[in-house]
Every structure is written in C-alpha cells, then in structure tokens.
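Take a look at the structures listed below.
Heads up, the next two complexes both have chain A, just with different partners, chain B and then chain C.
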Partner chain A sequence: MSDQSPDTLVVQGVSKRFGSTLAVNDASFTVRRGELIGIAGHNGAGKSTILKVVNGTIAGDSGTVTVNGIARSADTTVAHPEKLGVRTVYQELSLCASLRVDETAAIFDHSARGLSWRSTAWHNLRTVLDEMFPGHGIRKDAKISELSIARRQMIECASTMIDSTVRPALVILDEPTSSLDAASTASFYAYLKKRAAEGVSVIITTHRLHEMIDNLSRIYVMRDGQVLSEQRAEGATKESIVTAMGLAAHESSRVAPIADSSTVTTTDARPTTASEVIVRLEQPGDDGASEVFEIRKGEIIGFAGLEGHGQLLALEAVYRASARRSGAVRAPRRTAHHAVSVTGDSAYVSGDRGVRGIFPLWDVATNISFSSLGKLTAGGLVKPKAEAALVHEWYSRLGIKGQSTDPITSLSGGTQQKALMARAMAVGSDLLLLEDPTRGVDQATKSEVYELLRGQAAEGQTIVWYSTENEELRNCDRVFVFRVGKIVATITGADATEDAVIALSFGGQDVAPIDLEGAVR
Partner chain B sequence: MTNLETRPETTLSAPTTNRTAGTVALRVLKHPALPAFVGMIAIWLAIGAIAGRGLVETISAGIIIATFLVIVGIGQLFVITVGNGGIDLSVSYVMTLSAFLACQIMAGNDANIATGIIVAVIAGVVAGAVSAALIEFVGMPPLVGTLAVGFALQTITLIYSGSVVGVASPALSDFTTAQIGPFPIFGIVGIVIAVAFAVILKRTSYGRRIEAVGQKPVAASFANARPALIRASAYVLSGGMAGLAGVFLAAYSGGPSLGLGTSYQLASIAVVVLGGSLIAGGRGIISGLWAGAVLLTLLTTLANITRLSGGWQFIIQGALIVLVLALSRNPLARR
Partner chain C sequence: MTTTQPVTEPPRSLGQAARERLGTAFGPWFLPTLAAVIIFGLMVALRPLVASPTGLNLVLAPLIPLIFAVLAQMFIIAAGDIDLGIGSFIGLANVVIAVIIPDSPVAGILFLIGMVVAYAAMGVLIAVRGLPSIVVTLGMSFVWLGVAILILPTPGGVVPEGIVSFVRFNPQVVPGVIIVLTVVTVAVALFLSRSKYGAVLRGSGSNAEGVRRAGWSVIRAKVSLYVLAAVFGLLSGLYLSGQTGGGDPYIAQSYVLLSIAGVIVGGGSFKGGEVSAVGAVAGALVVGLLGSLLQFIGVQSSFQAAAQGLVLVLVLVLRALVNWIQKVRRTL
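Up next is the complex of A and B:
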C-alpha cells in the first residue's frame, strides 16, 4: 500500500465527450491528504462530470486518476468506489424515497449488519449528524420522502463521514450546501475542517463562492470543461474567482436592490402604498389578538429564517390558497400557524427540481410550456406554433442554451433550473412563488434572474421568495423572518443583512426546528 | 417587460427541426412503437407464408378483431400512463356487464342502438368512477381497487344475466363486419379512434397532464395540475372505453356471454406494454398500442393455423411481452 503518499487524489489529463460536447477537456488537479479544496465554475463548466469520472461512476475518454496512490486509467469505471474510501454526494440527491432514515443509513454503512442493523446504522449516522448539524431534528423512523430537501441533504452529507468498514479518504460533495441555511452551513464546514485535520480530503463544488473563500484551502476554477486556474483561498476574492470563471464586469457591479415601497420595520408592517393586497397572512399574536401581514401587488417579499421554521410551509400554503384564474379569490387556507388568503393565481418554482420540478421523460420545450397550455390552446388543441414561440421567447429571455428538443435530463442542473423558472414565469400569473429557485445556479445566471424578477415586479407581478441564502434577500423589498412557525419580524430588503436575519432567527433563545416541512404530496 | 441583454456567447438555438432523411430515419428507428410494428408485419407475413392465405384478407380480419382490443386498450393505456402503479383490472368485467345491459336494451331492434351504447358506456363510467373513488379517496392500491370493483361487477352480471336474453341490434352487428371494398369499416373506425386519442394524449392540455402526473405527481401539483383528479379521470375513461368495447364485441359475436371479456383483462395490459408505453407511467404510445393489438390478434390467428394448443399461445404471448420489455427498457434507468 502506498498509503504514505502525500496526495489523496491526482487527476491527470482527463477528457470526456458527450456527443458533440466536450464536457471535460484535459483536466488535471491534485488534492493533498487532509485538504479541503473547491471547484468553481458556471453551470455546464464540467464540474459534475469530472467528479463522476474521479469516483468512477462514468468512464472518461482519456487521462488517469490516482486515488491513494492507486492509479487507474480514467476510461474505466469503478463499481464500488466506497471500498477505495471515496464517498460522493451528488447534486441531484439520490436517497431512496420509501426508506426510513435508519434504513437509509445502513445502505451507506457496511458495518451495520446483523440483527440490530438499523440501530447500529442510526447510531453511526446520528453521531455524525449531531456534530455536523446540531439541532437537525431528524428522527430515525422518518421516511425520506417526508423530509425536506435540506434534511435529505444533511443525511447525504453526514453519511459520507461515517467510519464504515472502510474509512472515508476522499469525500466529494457536489453542491452540498445548496439547501442549507447559514447556521447549518457554518457547522457543516466546522465539521469538515475537523475531519480534514484527521486526514480526510474533501472536494466541494458550490456556487456560493464566499463559502469556498472562507472555508477551503485551494480553489480550482473550471470553464468550458478546462481547469483554467488554481487560487489559494486566502487572498482570493469573489471577484478574482468570478473573473477566472470568465465573466468579469457582469457580476461585481451588482448593487443593492430597489427598496422603493415601505421602510417599515415593525412586526406589524403595513406598507403605505395603496396598491391592492394580494396575500394576507394572519397569525395569533402573543397577546391573543391576531397579527396580519399583507403582501401587496408588485412587491418582492422574502421568507427567511433557519431551515425548518415554517417558511416553506407558509409558502406552500400561499400556493394552495391561490386561485386558478387571475384576480379570483378562493377560501382562506389554514395551516398550523397561519390563515392564508390570496387574490389571484400563482406559479411555483421549486429548487428541489428532481422531485418537485422537472418531468424527466419530456424535452425542454414540453417542460417549459406545461403550465401555460391554457393560453396556447385553440379548440382544445395545443397550437404547435404558439407553443414554439413561447418556448423560444423564454429561451432568449433566460439565456437557456441548447436545443429545446433535447431531453431535459441532458441539461446541467443549473440549466434545468432555468427551464423551471421559464415554466413558471411564462404563466404570467398574479403571484410568483419561489422556493430556493436558484439552487445550483451560477452567479451570473443568478444576477440575471434577480434582474428579471425585479422587472416582473415592476410590471405588477407579486413575488414571494423563500431563500436559504441570506445574501439573496437583499433583492427583496421586505423580508419576513420566521421562527418556530411564526413570523417574528419584517425587515426591509436593505436591512436584511446576514447578521440581522440570523439574529432575528435565533431571537436570543435556543430554538429547535419544528418538524413541518416537506409534508406535501 | 425588461429584456435581458443577451450575452454574445449565448448563441440561441431556436427550436429548429432539420427534416433531413437521416434525422427522420433516426426518429423512426428510435420510436418506442417500432418493435410492435415490426412484430406485427413479421407475423402477418408469416401467416401468409405458412397458410398461403391472402395477405389482404388476413390483415383485414385481424384489424377488425383487434379493434375491440384497441378500444379497451386505450382506456388501459390512460390508466397505466397516469402512473402511481395504475392498472385497471376491472375492464373485462365492465365489458361483460355492458354487453348484457346493451343487448337487453337493444333487444334485436335497430331503433335502440344509441340507447344501448349510451347505457353501456355509462355503466362503464360509473364503474370507473367507483374505482377512482376507492383508489384516490379511500387510498387503495389500483390493483386492489379495480379488482374489487371487477368482482362486484362479475357478481352483479351473474345474478342479472340469468333473467336476461339479449340480442344485439342487427345493424350494429353488420357494422362490425361490413366492408367497403377491401376495407373493413369497423377496423377503420378503430384507427380513427386511436388517432383521436393519440391527439388527445399528445396535443391537449388534458393529455399532457396525464403524462406529467404519470412522471412526477408532486412536480405536476406544483405546476397547477391536480394529480388526484387527473388520475381519477383516467379510471373513468377506462371504464367508458371498456363499456363501449363490450357492446361492439357482443354485436360482433352475436350476443353477450359470461366469458365475453375474460381474455381482455390481461390482453389490454399486454398491448399497452407491447406498444412501447412505459408500464411505470409517464409515457403513452397509442400508435404502438394499435400495432400491438393487431400483433396479438394475428398471433392468435397464426397459432390457430398451425394448430397450436391454447397453452402454447399463452406461452408465446408471454415470451413476446418479455422480449419487448427487455428490448425497450425504461429510458430513465438507461441514463
């Protein structure tokens, strides 16, 4: 065994072609023992592909991959990478929906065998979970399908660190934090650093560049399938990475949002603008009287707080309470914490695209037009020309690349997300509801999306936006902060700094998340 | 609306369709209905070669008999395509009951054709609605719910048929066997029905919802579709189609009988799968279903000509389905 080699992973000259696309072009990089490195790049830059060649799930066309001193040609696949100590969390989560949490743990944990396999597996997983995500609130008998995407992500991340029969040597995390809130993300990186000190090497891809800069030692930047440059994290800035990724001015000139409506900061915020009320959220206040939160036409409202504190539940309630036709009203909808009434119709974009978003058997065009078929129909039949025109319009608006007749599953994760944005925006509904819509989307596209959303709001569309990325909330006019199911504060978008949101989320108390989310089927 | 400044590298490729001979050939080769059509033609030619019967008469008779299977199969296809493990096991019992009901009403009189057909379809629709309620609101698995309804219908038919002597209207009977030149009218009606439902499935928002719910019910529910309602509608449709097929089959075979629908219970599922639709739902191929129905019908003809026993016929049918499924694996699993 060449266990003493200083490099856990050496990748040399790996290329991979998919049809006419050169997804990875002569890529080389190295990960030393106990090192945390990042791979940055735009959607479709080849990050996910190179990582799949490294762990052996797909065969490359050329090059070599050396793991723990054991070299292999990149054109071979590996049936059991975990036996080499290589563990992976994919961007599209891959847990089995109908298993319980402890059963899921046993899949990753080969030491959990025999009669008490469930409890052994759960014990091993919980040891990691408790340290990686304190207060995670995951129960061993919960079914995976009942968990929110953030909790599923937590389980996947934690399972890579279990000391099964083969200890983890190289852990590959493709967008591990894309659904995690700030507090979970911080404890996650703290745990990674601890394990790195014990000799575990980690590769992370994320579009949250500041996370890379703050927590990793080196960052490789990929563009068009090539590994273009290597930066030390200390000394790197968001701008330097973005420049290397190939889009300079576009991104860094981003300024704070328009905060043109109200600047009220009390918990009982009533915007002074006279426009029509679209959403009304009512919750019982501390003194028994009910508190009312109104969202007016053309506003962009953010739902913030720690993961699992009722934002998602409230957002879903708004969706379920909305009418089928523009301007219509339906009966109010009650949740455990709110009574929600909505005027008008709505369209929903989920960042959990695998479960709540794409239709995997269809091409991109059919995926995009699906929610707008009503206005594309004449005499009961969908008009092909109108459908093609709508798809074409949104292809150019969102800058979606490729053929609209390609299967949606052939697109990179971020591009799929753009297609889902297009599907919802094409409806032209009164309300646009966003559930972490930019999950796995690169910075440049995010900026475009923000701009597009502001344009939609200016046209009178009301936007409610649940985000786990506090930085995004600057784009909102007002932000509702949730704690234990209830709205505890509203702040203006300009005041919605990361620190302010976190402070309000904790509210000085020790709060455990409530078990609410992801229950909708 | 604010238009985004399009970045220079964002080369937009509009939905262009290059209809060169090569791409058309590729599309045909990749089409999921191809195995059914190839099999259909192979068996057709085999019959011609073995029995020396005229090819035109063979296919003409085959298409007539296949039409009953096409009509039930379309309902079954909608149920399977809408997903959630959907399979309608009640179709055979609906067919039998509808056949008895319609023949009692028609009572050999041409004036009652419309009433008979309408009652038969309504009986099927009601049965389908009950299945849908059991599955979507009581929460039974589709196999159990539709089988329960099927058994109930079977019992009703047994009790009720004892007191009934029904005869189909002669005009309807003639309609199922009439020909214009070499073309069987009923076979052409079957093709027209298949084309109409193919258009419904692929080119209406209802059809798109059927496929969407079959792929990802949660995603569909977040895109303004109501999965429970869409699924329920598929069972209602399937019941109605089975009712319609029941009347025609009774008219064709001279009157209702207790075993009228029996062979259609599994054959209706087989043709869906043979035609390239996904058994897990999300993709329905009606052209393939039509070819699959003709294929199965001709296969029976071939078996009869070669004097194969009934047992062998079933073995060949089963082997054929296994072969087609093995050839066209789930495209999701392939990636």
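Up next is the complex of A and C:
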C-alpha cells in the first residue's frame, strides 16, 4: 500500500473559517515518507485546526488532503482515520479514566481480539512503551485514573505506534511532550527517529522549539492561519523560528549567562533575601543530621528534577501545610521525605487546567473572581461592583482579550491558563504555588507569565514553582533539584540551565525513577 | 542537550508487591460483597432457618426483580446517565405480561420488543442531541406509567401459568434463586469486565470523545447500554409478574431510587464507566436484605426507612475510607 508515492501527506490550499475568524488560510505543506516534521506557531495560529482537517475530524472549507496517495477534498470528514493509517494524539488527553491500562490498550488496538484480547493488547503496547520510555513503570492492571499526566501521555504516545490491523503511516502529535521530563523526551524522540527510518511519518507541534530543532528534519511555521515559512531544522535556531512566528523581542528580559553544567558555582545556594522565612523544608541528611531548606518572603523558588522524583509531592505538602489566614502558622506536615512548615496562606495553580482548574460552564469573570469571593462580600452577599472591579483589574494586568462575560471555554488554552493564574493571584495570599503552569502555553504567553510572577514577587508574594521545562527555571531566584524524593542541590536561577539541572538530577549513582507522583492521581 | 540513560525498572520490595496485590484485590465490588455477606450472616445467626433451601427462597426470591432493576440501572449509570423511568418501565412490562400476553402472546411480545426499541431510541436521542438523561428518562417514566394505566386502570390481570412456573422454578438440589443469581451475575460480569466490547462500553461512559477517537461508535455504545438496560428491565418485570401473578402499573415505583442506591452502594460512580456487575448485585442484596434484617432485629417499622438509610450511608463512608487508605498506601 505504501509504495506508490514518496509523500505520505500532501496538503494543498486548505482553508477553514470559524464564524468571523479565518483559522486556517490557504495552508499547503508536504510530509515525505519517513520524515519527522514540526509545525510551530503561537496559540491560535491554526496548528490544531489544520491537523484536525488533515486527520478528518473537522471539515475544511476548501483545499485537498492527500494521504498515502489517496486524495480527498478537505471539506469532507473521515469517520475512521485510523483505517488510513493516520493516528493522532490530541493536546487534551483522551484516555478513559475508568479503564485499566491493558483495557485502554485494547481500545486503541483493533487487532486485539478473542479471549486473550487484554494480554495481546498489553503485549503490543508494552513493546512500544518499553522502547519509547524505558523505565516507564506502568503496570497493566493500573487504572488510568491512578496515573500521573506524564504516564497517561506516555500511553497515548505509545498507542499511536502499535501495529494494529492497519500499521501507522502518519502520526500526528499535538504537544506530546508537554508533561514529560527531559530524559523521557529524549528517548521518545530516539524512538520516533527509529520508526521514521522504517517509513512512518510524524507531524509534531510543540512549544519547546529546541526539541524541534534538535530532533526533526523540517519545521513549518504558522501565523494567523497561514503556513508562512519552511525551515530546515539543521539551519534553524530558536531565534529564527521565533522571528518567523512574529514574536520578535518577546523573549525573557532577564537573560541569564549561558553556563554549562561544569560552571555551576555552588550547589548550596543561600536565600537571596534576609526577609522572614515563609516555608521551611526539613529532610534527613546522609549523615543522619537533618538538612533545612528555607524559602523566604518574596523569593521565586523552582522545584526541578526528573519527572516523578518528589517535586509534586513536596509542592502538595507545602500547600497542605499552609494556613487558612495570612501570617498564621499550622502544625508541620510530614511526608515520606520532608517535614514541611509554612507561615501564611497559599493559593495553588495547576497546569492540568481541564481537570483541576477551570469551571467550564462559567464565564471568565466568575472563573477569575471565584477564589476571592470571600473578601468581596457584604453580609454574605457578593458585591457586584467590587467583583467587577477585581475582574477588570486582572483583565488589564494580564492583557486578556475579549469580554469578561464570555464563557471560559471560548478562550484559547494559554489564555485560560492566564485566567487561572489571575484567580490565584487575586486572592493575595502569602504564598503562590504553581504546578507546571505553562504546560502547553505559547512562548509569548509564557513571557507574560514570567513577567507577572516577577511583579508578584516584588510585591512580596512568595512563589514556589514546579516545572517540567528546565529552561524556564532561569526565571527563579533559586532552584531546588529533587532526586528520589529528596532535595539534592539548591542552585541560583542564573545557574539553572537545562544541562545543569539534568546533570544534577542524574547525579550520584541512583538513576532509577521511583513512583512518587504516579499514584497521587 | 539531553542525556539518555538506560533506566531500569525500580527494584520492588516484597511489601510493595503485596500492597499492589491487595490494591487490586480490593476492587470496587469488595466492600458491597462483604456488606452483603455480613448482613446475610447476621440474618442466619438470628434465624438459622434462613440458610435452609426454603428459607433462602423466601428471603432471596423477592430480591430477584430488584437485582435485575439494579443491573438495568447499572448499564445506564455506566453510560454516565441516570434512569428515572426504570420503575414505571418495569411496571409497564408487568402490565403487558399480565394483560396483553394472556390474550395475544404475539402482540404482547411485539409490545415488549417495542419497549426495548423505545429505549434504544432514547439512547440515540441522548447521545446525538446531548440531552440530559435525567430529564429524558423522567419524561418517559410518565409515558410508561400512562400507557400502563391505559391498559390496566386498576391492579388485576392474570399472568400466564407458564411464566409463573418458570419464575418459581425451584429444583430440589439447588434453590432456584441461587441458580438465577449466579448465572446472571457471572454472565453480566464476564461481559462487562472481561469482554472487549464491555471495556469499550465502560470507556464510552468515562470519556466518550476518547473512545470515538480510537475508532469506535459512541452512539452504538450508548444504544447498546440502553438496550441492555431495557432487557434487564423486562427481566425484572417478568420475575415480578411471575411472583405476584397479577399486573399493577405502580408495582415497581420504589425501584427507581432503590436501583440507584444499589448501583452506588455496589461501587458504581455517577462519573460514568465506573461500575462493577458483582458489586451491583451485592449492592442490590445489601439494599434488599437490610429491610429483612431490621425486621428480624425488631426495629419498629416506622424507624426502618431511617435505619436503612443510615446503614447505606455507613457503607458509602466505609468505601470512601477504603479508597483513601488505598491512595495513602500507594503514595508511600
């Protein structure tokens, strides 16, 4: 079936209009057999839309899509793209929380039939998983609802590569690595390259531009629905892509000196201010004595390390240890590795906005003001004017476009995330806890978020920030690097380069990831 | 920029492995089954005759229609929906069996098939138009009840002898109720938990979009679940008819809430997809046996409903506790 054409996918002149906005404007591109290509562009550039037209989920208005030499008009939808060998991982995950891992595998794997359908499907999935994510630690009888986002993402990615009744020919991955740590990401791309050599073509969108440059062969840049330019990955730089995306000079204003791992000056960075201690983490040291890590008022602290090494657990412990009122103290909270005590109250922002963040049925205004309603009431009733003022203030501070009465789901993913940040910040708590807040958010929005966080810190809010993107840790004052549940190093934000953080998280002998977060949700 | 390190599966301690096995052993069906066994044990302790073949029949036979109703409700809850019409539906089936089938069996059977088709249509409506099931099924419950009253304004009719003897079938060796209970539970559990389409059905209730993307028809899945619910509703009506021998449109009104309680006590969740057949049957037994047990203990009938409710809440609290303990153990 795969010999007749050197191109797996040819997209010609596809346009798609949603109401008054032209989401995709006369887009054309080609993916050759066995090629890994990327589509770059900020949120709302039309990446997801064009990919949905390609796999036939939504109908375009004009143009043609040719898959494996079979052309179809773009204004038709395809009920079963998997029968054409087209597989897709969407940005919002699509696993069934109530099923076991092997049952999930079987739902994707139409070749798993008969009495042993579960073991067949698990065998097929596991073959891919073991190679794509060595040491993934996923058991076949675990329920999806018990797995971390990263593990669910691994299952979705792996399920696109199984040889079902129809072998994969074109695999579309929309932000596949957004929750994966650096090591998993590397093995993931190594696997993709291997499969590409066997003739599988892959389209990837990601906001991690360096991943595209390092691993793909070509990158198409989209802006305002148009495919603007095509760059060969060898010659491309982050700057060249960002420029093409039309986001010039949106980069972080705080340029850290480029350091490689050998130039980390100290792995025991002291607090940057002498202000009061807000968070105190205590862990047993190697020599039996306890080590104490203090986070002071107005600091931005990053929690880094490989996925699943205790950062999230520590962040949740900080949240649970924090008091209800500003300035108050509660009894310390113990985890398997730390004793955590916190002075003051806290607010928590999760990167998993669909599940843990937004109220999808409400408008933007209520989503923002919800956490602050307590201080906006008189006699138990909400004061509409005060609420409107609060919403207005955060609208302008965050630069959210549109009406505050729009439903929150009408906003793009990145903007929803900004609204969530606004909700947490509007409370004015002593401590702001962020769980990978920029997951799947474009570069421009990220820069705005960093700016905002620095502003909050300057006003005296303490920020603890868990991130899977080592690059953004440079915006922190200090970074705590976790390994096997414990803090193994504290470095300054300026030292926190990708290489330095990876070197520290891999340091020592023990590189086996342990399942700390996997069970939490 | 990144380093790839060969990472091996972390070494597991014995305790960890044991915990995992424990975790899977405590499926959602475990607690309701335990509760049913405890309640039954208490009843036997109070009245040893309950354990005799005749006693078993007397205690369990009235629960068979409820068990079918709970299983019907379970399929709807698996779809992420709620069926408020199941009571009237069973009542209509009862009336059809008691009034139409004696006169004209063919017309009666066609009528019953029509009821199943109506449920399938309801599933299509809910899946395609995205209507809330709670409204659709509540509306339809008045239709079922209205038709039943049109056919039989006051309780009456005579259920054919064949159906009565089929339902009251009770061989000497093993009590009939035990046979029915076992066959039904095993069949439904195998289909729902061990067949591939069963997994698709459960998956469609928890993330319909995901199942659709994997290449399955979500509408077909919804219709399958509604048809299964209708079939089990008819079975419930059949057993009720055989046991009472007559027709009554209002006979199963209490099943609406009892069936929901049975599914939830049985480890199901309104989130959709989270159901267990063994749990649902055990939940039905808990809900049904509780009344008898309270009578045995001598709880005044005026307090019985309240006591029943309190025990159900207790079971749910225990379940939340077990979930919490499991989560804490896995976190370590």
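Everything that follows uses one rule, which is that the second predicted complex is superposed on the first by the 493 of 521 C-alpha atoms of A that agree within 3 Å, B and C clash if a C-alpha of one lies under 4 Å from a C-alpha of the other, contacts with A are read in each partner's own complex, and residues count from 1 in each chain.
Here, a residue touches a chain if its C-beta (ideal position, glycine included) is under 8 Å from a C-beta of that chain, and two chains touch if they have at least 3 such contacts.
Quantities reported herein were computed from a predicted structural model and do not represent experimental measurements.
Novice: Clash or fit: what happens to chain B and chain C when chain A is overlaid?
Specialist: Overlaying the two structures gives a clash between chain B and chain C.
Novice: Looking at the overlay, what does A:186 touch: chain B (first), chain C (second), both, or neither?
Specialist: A:186 contacts chain C only, not chain B.
Novice: Please work out whether A:108 is in contact with chain B alone, chain C alone, both, or neither, and reply first, second, both or neither.
Specialist: Only chain C; A:108 stays clear of chain B.
Novice: Is A:194 contacted by the first partner chain B, the second partner chain C, both or neither?
Specialist: neither
Novice: A:232 in the overlay: touching chain B, chain C, both, or neither? Say first, second, both or neither.
Specialist: In the superposition, A:232 touches no partner, neither chain B nor chain C.
Novice: Considering only touches as defined above, state whether A:334 meets chain B (first), chain C (second), both or neither.
Specialist: Neither chain B nor chain C is touched by A:334.
Novice: Quick one: classify A:401 as touching chain B (first), chain C (second), both or neither.
Specialist: first
Novice: For A:210, select first, second, both or neither according to whether it touches chain B, chain C, the two together, or no partner.
Specialist: It touches chain C, and chain B stays clear.
Novice: Looking at the overlay, does A:88 come into contact with chain B only (first), chain C only (second), both, or neither?
Specialist: After superposing on A, A:88 lies in contact with chain C but is clear of chain B.
Novice: Touch test for A:135: chain B only (first), chain C only (second), both, or neither?
Specialist: second
Novice: In the overlay, one of 92-100, 254-262 or 308-316 from chain B clashes with chain C and the rest don't. Which one?
Specialist: Clashing stretch: 308-316.
Novice: On chain A, which stretch or stretches are contacted by chain B in one complex as well as by chain C in the other?
Specialist: 520
Novice: Would you pull the chain A residues touching chain C in the complex into a rising list?
Specialist: Listed in rising order, the residues of chain A that touch chain C are 80, 82-83, 88, 90, 93-99, 103-104, 106-108, 110, 112-113, 117, 134-135, 137, 139, 141, 146, 182-183, 185-187, 190, 210, 214, 313, 336, 498-499, 502, 506, 511-516, 519-520.
Novice: Given the complex with chain A, which residues does chain B contribute to the contact?
Specialist: Residues 1-4, 6-7, 10-17, 199, 203-205, 208, 211-212, 215-224, 278, 282-283, 331-332, 335 of chain B touch chain A in their complex.
Novice: Note which residues of chain C are touching chain A in the complex, please.
Specialist: So the residues of chain C touching chain A come out as 1-11, 20, 24, 196, 199-200, 202-207, 209-211, 213-216, 271-274, 327, 330-332.
Novice: Inside the complex, what are the residues of chain A that reach chain B?
Specialist: Its residues touching chain B are 250, 319, 324, 345, 347-348, 350, 355-362, 365-366, 370-371, 373-374, 377, 380-382, 388, 391-392, 395-399, 401-405, 409, 423-424, 427, 448, 451-452, 454-456, 458-459, 520-521.
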